[in-house]
Amino acid sequence: MNRNLARVVATLLGALAVALPALAGAYPLQVARNVMLYMALAITWDMLLRSGQISFGIAGLFGLGAYASILGVIRAGMPAWASIPFAAAFSALAALLIGYLILRLRGMYFSIVTLALAEIFRIVIHNLHDFTGGPEGIVAPQGVIFGGSASALYWLALGGLAVALGASIWFERSKFHFALTAIRDNEIAASTSGVNIFSWLLATFVITSGIQGLLGGIFVQSYGFATPDSVFSADFTLLPLAMALLGGIHGTVGPIMGAVLLGVASEWLKLQMPYGHLVVYGIIIIIVILFMPRGLYGLARKMARPAEGRAE
Amino acid sequence: MRKALALLAIALIAIPAFAQTGDTIKIGGIWTLSDITGKQGSAAALLAVEEINKSGGVNGKMLELIIADDEGKADKAAAAVEKLATVDKVEAFIGGMASGAEVGKIPAYAKYNKVVVATGAASSAIVEKALGPSPGSDYYFHLHPWDYNQGASYAEGWDAIQKKFPSIKIKKIFLAYEEGAFGKSSWDATKLLFGADKRYTIDGAPFKSALLGGGDYSAVLEAAKDFKPDLFLWAGYDADALPLLEQSKAIKFTPKIYLGAPPGWPIGFGSSKLSKNVMLYGMWSPSMNDTNPASKKFYDAYVKKYREEPATYFALLAYDAVKILADGIKLAGTTETAALVKALEATKYASPLGETITFKPSNIIKHQGITRQKILQWQNGFQEVLWPFEAATAAPVFPFPAWK
Amino acid sequence: MALKRRATILAALSAAATILILLWKPSVINNGLQQAGLYAAIAIPMGLVLGIVHIVNLAHGEFMMVAAYATYFACRATGMDPLLAVLPAAAVTAAFGWVVFQLTIKRALKAPELNQLILTFGIAIALTQAVNILFTSQTFKLQLDYVSASIDIGEDTFPVWSYVFVAFAILYAVGLKLFLTRTTIGKAALAVGQNPKGAAIVGIDVNRVYGLVFALALALVGAMGALFLTKQSIFPSVGSPYTMKSFCLVAVAGIGNIPGILGASLLLGISEQVLRGFRDTRAWADIVFFVLIIAVILGRSIKWRKS
Amino acid sequence: MTKLRTEHLTRAFLGLVAVNDVSFSMEEGEILGIIGPNGAGKTTFINLVSGIIMPSSGTVEYKGRDITYLPAHDRARLGIARTYQLIHPLENLSLIQNVMVGSIFAKGNGLRAARAKAEEVCASLGLTGLDRDTSKLTILEIKKMEIARALANEPEVLFLDEVMAGLNSDETRELIAQVQTIARERKLAVGVVEHVMGVIKELTHRVIVLEAGELIAEGPYEEVSKNPRVIEAYLGGAA
């Protein structure tokens, strides 16, 4: 895919995203909101993956942000809109503290610990009934943000996506790209070239976790409630991961493509076969992984320049 | 990329963009279709639609039920409402089971302000709170009892049973509750309603349901055994039913009354030796076919059409939702919300669940349907209704037989 | 030297703790041991796959679920006891696993690790949902008298059936140890696990070994499916929590350390039961699992960094 | 001026002493050979001074400052750079991006300045086709790229760990000349580990000899190569 074509496609998609509320009905808008949420999560997960660190804790930081937002409104009387950046800050701060502990771990051990932390967050919120509402959950007394206006909620979701997208593109074009790729490729060479591995990982972890918290805040304010099972759902970890992989990892474009694929496939399948569509969903994941090991974007790039072998 | 765009295009084309206002009245039904309650609920609702259409429809129009899957998730549930409201242009909604999904629908329901006859969602802490008070939530007709309704009806039921059967005496109650939302709200309600004015001594302990990866009840059963309750009650899921009994037997825990309150029971529970005289909370059982003609009519029609038994009362609630809605539309002569709400407020529907459903205010909302659950007992492999007495199919067997 | 002393102190402390708990609430140890057996017996096959094939099999529990369903229907049709079905279940699941391996996993072995993870995630979804379509989300349970077996000691009654899981866990650990160190194919598997490239150079058919190890692991999972059915209800999503638990246990033990899984399971099984034994800590029993995982992994990483 | 000095530097791995009580120094503009039989501790020694591993005892001083326990990335910033015996290309970065890494992180340059610096360094080593993937490079180009990455740090001390290994004699000669020019022009103190004595002889001003982790001889190559202990060490190592 040459650069000009990519730019045209990106511009068209951007224009589509902005024009969608004017063009589409409430249902496509709602689906788009769901897809954009997962897309943003997939992008943030990929941002950390660019350093080689595989997080299984997306749902943990997402859920933490969700509860920070709704409890900020209920317990601290914050306005709903202000609770969303607060959620981002809260998850970022949590990531800063746990990052100090866990960012020296590598490989599967890092993954497992992030997974365990997500579970710990869920259990703590589950058990602090009086403050968090416990397992039954908690409802925002003022209801859904912006009075539930479909277009306002769409803009909010698009805003969340824009933050993730902006951060990801910034990562690709700044020192982050060099630092994270160097860490992923060879930590020793990176460190003797002056890369402070721990600091860059910490910065990346804090930024991506902050965005995940932000998205949690957006989610919770868009529906006006939180329960431990809904906001710490394993879906928020596994689906973004699957989307990023199916689309293609280590870049911004792949997760976008993967999220569109899985998000749209999931809704479309449901219309075709109300009972049993989830089987086909699983099979799609299997087939894409088997036949497009580098994801949709990897395949597209390979087709665009077949002469060159290994591109990245 | 090309592929993704193609998929997107197909998805957009596949959504018919035209409105259909002809000779049908469209109703949207939303359930979690991968769950037995949703699968059978949607099936029972289709049965009701078929029956109504066979007898001439509603005000000369046929009913059409359009079913959507909420996958048990709030965001998917919201999308389902939007799809039914804007693409299919349904005129009313039915359905619902899990509270966590139902609460995702409420903003969209409120936006369209069409009548909803809800068949599930018992959590007052989130669903009723999210609905909010009248008149904002007047479009919402909630058939299933709230968690506190259930607790109150059990307290009432046990008072009545003890009065009628003096040999049954309950002083101490132990509740084993699964640690999720369902169990926790049961525990709150039990403490509140049985613990009031110290008529009963209450204790309880949480356990992890087998549904969520638990399945070892030793700690909670030992706590229960030490407490020596007259009534042992567990609030969990069908997956917990037999393992709990087996593990109770293993530690020789033999309360006089052993009572379970899962939303459904495992297949073939009645044929297990351990099921003998276990009591349960519920709304319906096939044994009611003998005393209740509406129940028998529903049961026979359902089994004939689908060649399986309705496994839980959620099938009946969905069936009732369609019938109640159809009666309301008949009376109102329209699906316009204000008129339909008014018509539904006059509902007096003789349900196959063995009671007449009317809508009365509950703690927050204005239109609450059923408030009572039933107390039943497994006798000789069948669920017999013990209370309310007007629906009773058998007398209680007491005490719970000790293990041999 | 210091290490040895510390190990002795730790052993003494845990022995003392065990005796105290035994005196205070003997059932905690009894239940904890049996629970640990269940955890370990399910986790060991995952440890085998992770240690040698280097795949995190997210469909691990789902394979057990499939085995349990197959056993259930076989037992209901023939009236057979699921204990007799342990070996057939192992064989059938191994065959099923081998087919799944050849059709899918083998083709993804050269891809990055994450691909295999998501591939098995897709398999897990497909298996769960296929079973859901066939048999609905309702639960099935065999009712067997012997699962309520117990022993009376004085006033107390101790359930004992789940020691069958302990027996299987030990059997698995010892059997695998012998298999990997004493048999030709086992030694080859170990060599492949430690250095696939080197093994290929000396003429071992790496893909075949992977396929065999995967099938062996699934045989063990299949046997556990039959055993699991004796005690627990089954439903389509019954396996997934065990996938996560197994993954965590394998990580606590350390990749490639199969006997370590026994220790990790024991630690977690008993700590859970201890917390469940107190009224005030009951609700927090779940957290101990995850706190211990983090503590062990962090502790080990600090030790590594020091040495 | 002394750039780098170690005092009694020692590192043991589980009882095995890899580097034992080594004291040495490197002067500005000096090319120092570090030689010794296989397993003598040469690479461990470089790892210790570049901060990849920490010593068990002893000190490392850089321009008079104690850096014994300073992390590797901070040493890189101070001006210590190195290459590796086994090549360490950053595979997912292009040739020029590999070189830029040194400039960006060790010197804190912006991307544009780093690119300019990297181009300059690459030119001095005769590297072209700067936007190629590392998978498209020859061994010589990868070696040069790693030297360039180290030079982009703008170091004052540079260690080259068997940089000539795997090259043919023409390539070796070319690289020797380039290293000499670079060391002279940039006033570097260069530490060179090599097995080929011809390279050491031609390139270095002075050598230190390690055997079993100990420094056994020090001085100009001609002198040291006649030292009986050194000869014995090499013979013993060969036997």
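Order of writing sets the labels: A, B, C and D. Residues in every chain begin at 1.
Heads up, the rule we're going with is that contacts are C-beta pairs under 8 Å (C-beta built on N, C-alpha and C of every residue); 3 or more make two chains touch, one makes a residue touch a chain.
Computed from a predicted structure; not experimentally measured.
Chain pairs A-B and B-C differ in how many C-beta pairs they share in contact, with the greater number at A-B.
In terms of the distance between Cα centroids, chain A is separated most widely from D. Put simply, the chain nearest the middle, going by average C-alpha positions, is A. Chain centres here are Cα means. That of chain C falls 49 Å from that of chain D.
Averaged Cα coordinates give chain B a centre that lies 36 Å from the centre of chain C.
Distance between chain centres (mean CA atoms), chain B to chain D: 74 Å. Multi-chain contact residues of chain B (touching two or more other chains) are listed as 34, 39, 179. For chain C, residues that reach two or more other chains under the stated contact definition are 129, 132, 244, 283, 286.
Touching two or more other chains at once is no residue of chain D. Taken together, the touching pairs give a contact graph of some other shape, not a line, ring, star or complete one.
Looking at which chains touch one another, you get A-B, A-C, A-D, B-C. Chain A meets chain B in the complex at residues 1, 9, 25-31, 33-34, 37, 126, 129, 133-139, 141, 143-144, 148, 150, 219, 223-225, 227, 229-230, 233, 235, 257, 260-261, 264-265, 267-268, 270-272, 274-275, 277-278, 296-297, 300.
Contact residues of chain B toward chain A in the complex are 1-4, 7-8, 10-12, 14-15, 17, 33-34, 39, 67-69, 71, 73-76, 78-79, 82-83, 85-87, 99-100, 103-104, 106-108, 110-111, 123, 125-126, 129-130, 132, 179-181, 183-185.
By the touch rule above, chain C contacts chain A in their complex via residues 56, 104, 107-108, 111-112, 114-115, 117-119, 121-130, 132-133, 244, 247-248, 251, 255, 283-284, 286-287, 289-291, 293-294, 297-298, 301, 305. Those residues of chain D that touch chain A in the shared complex are 50-52, 71-77, 81-82, 84, 88-93, 97, 100-102, 104-107, 111, 133, 135, 146, 149-150, 153. Looking at the complex, you find that chain A touches chain C at residues 54, 101-102, 104-105, 108-109, 112-113, 115-117, 119-120, 123-124, 126-127, 238, 241-242, 245-246, 249, 275-276, 278-279, 281-286, 289-290, 293.
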